[in-house]
Amino acid sequence: MTIKKITMPKLGESVTEGTINEWFVQVGDRVNKYDPIAEVMTDKVNAEIPSSYTGVIEEVIVTEGDTVTVGDIICTMKVTEAATSVDEEPKVETKLETTTEEKETSMRHRYSPAVLRLAQENDIDLTKLTGTGLGGRITRKDVEAYMKSGKQSETAIEREPQLIREETRQPLEDDEIVPLQGVRKAIADKMTLSKREIPHAWLKVEADVTDLVQYRENIKDNFKRREGHSLTYFAFFVYAVARALREYPELNATWQDGNIVRHKEINLSIAVAKDNELYVPVIKRADEMSIAGIAKEIERLATKARTTGLDHEDMVGGTFTVNNTGTFGSVASMGIINYPQVAILQVESIVKRPVIIDNMFAARDIVNLCLSLDHRVLDGLICGRFLARVKKILQAMNKNTAFV
Amino acid sequence: MTELSYIQAINVAMKEEMERDENVFILGEDVGVKGGVFRATDGLYDQFGEDRVIDAPLAESAIVGVGIGAAMYGMRAIAEIQFADFIFPAMNQIISEAAKIRYRSNNDWFCPITIRAPYGGGISGALYHSQSVEALFNSTPGLKVVIPSSPTDAKGLLKAAIRDNDPVLFFEHKRAYRLLKENVPTDDYIVPIGEAAVKREGSDVTVITYGLMVHFAQQVAERLAKDGIDVHILDLRTIYPLDETAIIDAAQKTGKVLLITEDNKEGSVIGEVAAIIAEHCLFDLDAPIKRLAAPDVPAVPYAQPLEKEFVVDEEKIERAIVELSQF
Amino acid sequence: MVENRHSSLGLSDEDVIQMYKNMLLARKLDERMWLLNRAGKIPFVVSCQGQEAAQVGAAYALERGTDFIAPYYRDLGMVLTFGMNAKEIMLSAFAKEEDPSSGGRQMPSHFGKKANGIITGSSPVTTQVPHAVGFALAAKINKKQFVTLTALGDGSTNQGDFHEGLNFAGVHRLPVITLVENNRIAISVPFEKQIASENIAIRAKSYGMPGYVVDGTDPLAVYEVVKRARERAINGDGPTLIEAVTVRLTAHSSDDDDRTYRTTEELERAKEQDCVQLFAKYLQEVGLLTDTLAKEIDAELAKEVNEATDYAENAPFASVDTIHEHVYEE
């Protein structure tokens, strides 16, 4: 003897509920399987519904006139025979598997585009963050939470002392700890990257720029009056380098994912210092400019760096760097390549030196040009030729050949 | 406000529009005396008479084609296709004619027809009473395709469709007809075609979907909120042409996007949504775009376990959201 | 002297001369388009030649300005009678911006012009039949006194839309006239391989309407039967199916070579039934078309066709920016 439930059937494709219009049976009535037991009304059909069992009505649960959802129990029956119909829905196991393996970190360094963008825009060191995503992945929300927590600057301070502790010594009380932040940090990261990745090699040549010096001396005052800014030596050097690069495109290149990309445009990065910050704006298409045009562009970029600040646009797209180390009185230096470029030229101080010409001493204006090159990409031979070309252009500059 | 089911809201929309504009008329199979097999046109025959609620011969191409003719003349035709599964004989009339009339005549003629068709599975309807056919119409410029997800939207969107001066394909979910009930404004309002709606603000996972799946997603979202998963839901409402701005905004909101359709996956509407996100939101994405859809089999089988396997339900939606939130 | 048949139909002498002019203009425009096509100036032509009598006769029996027509692509004579002019036809042939049917978007002969009651059509055949029925339904619902005539070829009567449309019209007794221009060949497939019934008109019986077979090379005969059908429609007696038996004097279109499927003899026989010449003969016999008048008409229409061609050839195309226009209401 078992108690069986009879439920509100689904009478029609869109029907979700039904109203018991009339019961044909009452408690205690004996009914046969398929005997009608009630009339049900839905908004699609009115129908008599049959009993699913042979037995005795045990309880009438829904009263006439009431509306119940499809599947709700409307009455129960006491059934003697073994039930043949499927009355219990097979329970399908649908437990959610939440696979959060605890220490799994295979995704630790897989960054989504959103995470990378946030990190770049906000100067965040992703190694500082703990990922809550799958396999320890750092999620966009993790970065947002990190930014909100204000930990960014804190951790930046923490890092350096840790390194110092390991390698040198605890800072003393009077020591000043300068947090590595902002531009300084960017410089640090970039220089490290460059030195770590690029096998640097160096070359140095000497150029006699006596004629160039004389020429500049003659025109510089007029130029300043006319243009409102100075005509620096650096403009001549940039000009010469741009010309030479046209003939040696091997040096006008960048290293990109193991490929060497030679650029059509000659965009020269130049270093501009501001306090203890260093910016590297770009003179775009320098090979298409006159010396005066270059001078003007250098002036514009330098002024902008010192005043309103350079825009992102001013600093991207460089294909080769010319560094004016001569400004500090340096006569020889080894530049670190401006990653991912493949070479950098340091223009040193112009110094008067005794030189033997035609077996006679002569006082000449001499400048050293120091080139650092990425030895993965370039070799001494091609770079030597390039430097020789730059030297030749510079030495040939005089009042007859150079036109500012 | 008055409580209406989804199908009552559709009925009310047609009734109000027919009262408002005597050019509105209905034609279709069983729409007259019977009031429609789902009772969508219940009471309209009595109120408006046999000239405006027309029991048409059983021939879908004529139902749509005659509706198009009357609409070109200046009527506002509402053509009912009894089940979306039976719309295919009218495909030529919808795609070659209705959708192209304005364009091909250089704006001389236009065709204000609304074609209503019940769609969707999960109702023991088997192969030919369960299909989602919207993707087949979703690359037809000139046609608008609308799928409401609630009684309020059903009323407002159907009124907008009837008043629209271009052909609108209006799909109604059979299971939603009597499952969804809510308080619907009694006033004369429209829900503009072409605008998606944010149904829930959230920060963890963005769900973009339409039709009955919106309701399921909302149910799941409420449950998951208790577990700390905060779901953002965008209801497309108009699936052609898509509301690109709303899709981009919703995707950017969380960077984790779950697209749901109860149609089979390959070539479905959500594939186009995914393409829009891929084109515009690369740097906002925090996870691969995820699609939840029915399997790529011809249609819904009749047997219950197979039907359950086919349809997208709350369980499957919940699992997908949880997985994406954990990514 | 031959019997004057047109007076008894209520047509004046001016009417029949005008009908003749419409037929001849259609023929001349059609011939011009073939020349332009063969000269490489327009990409496509689909002809009316041989069917002008049915088209002009039917259109003449309607109330222009009140009634609607849903023509098919051969109905040049019909749309000219409904008020399109030579210039408009040529603008469409050259796909120019001013083409009233589509602004140069559709192929030529896909007619449409709301101001003249010409319902826009497409290339898939027979879709216009349910549209015409829809216009007729609108007339019935609005209790308006107008009739809609749709035309189609014999092959098209095998399409579902023909049967669905006619059945709908029959059930609801709608004021619609269906004119089948039976030129006995659907591109290359002859009547015998297209139609199982003895003729097309007999199909009307299935849809509860009268069906008539009429000589489609005689505009007066077609006029008469359409006139009667119109009266039935206006009186609320429902639709009519009319089968006008015609000939096709050209290939299916400029992309077709009919020598691959019909013999020279067949074509010669068809030419003997050239409706334009037959009608000219009738008008001569009743003393209306004198040699002088014939020459005058010929010269007048030739000038019209020349001017239309020149105008259309020199007219501008729609600007490319317009490609996005009128997808939806703007």
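All chains are identified by letter, namely A, B and C, in their written order; residue positions are counted from 1 within each chain.
Criterion: a contact is a pair of C-beta atoms (placed from the backbone, for glycine too) under 8 Å apart; a residue touches a chain by one contact, two chains touch by 3 or more.
Keep in mind it's a predicted model, so treat the numbers as computed, not measured.
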item: Interface with the most contact pairs, given as the two chains involved; value: B-C
item: Closest chain to global C-alpha mean, per-chain Cα centroids; value: B
item: Geometric centre distance via CA averages, chain C-chain B, whole Å; value: 41
item: Centroid distance [mean C-alpha coordinates] between chain C and chain A, Å; value: 67
item: Complex interface listing, chain A residues touching chain B; value: 10, 13-17, 43-44, 92, 94, 96, 98, 100, 112-117, 133-134, 137, 139-141
item: For the chain B and chain C complex, residues of the former touching the latter; value: 25, 51-52, 54, 56-57, 59, 61-62, 64-75, 77, 89, 92-93, 96-97, 100-110, 141-142, 144, 164-166
item: Residue ranges of chain C touching chain B (in the complex, touch as defined); value: 68, 70, 99-103, 105-106, 110, 112-114, 119-120, 122-124, 127, 129-142, 148, 160-161, 164-165, 167-168, 171-172, 325-329
item: For the chain B and chain A complex, residues of the former touching the latter; value: 7, 37-39, 118, 123-125, 129, 174-175, 177-179, 203-204, 254-256, 282-287, 308, 315, 318-319, 322, 326-327
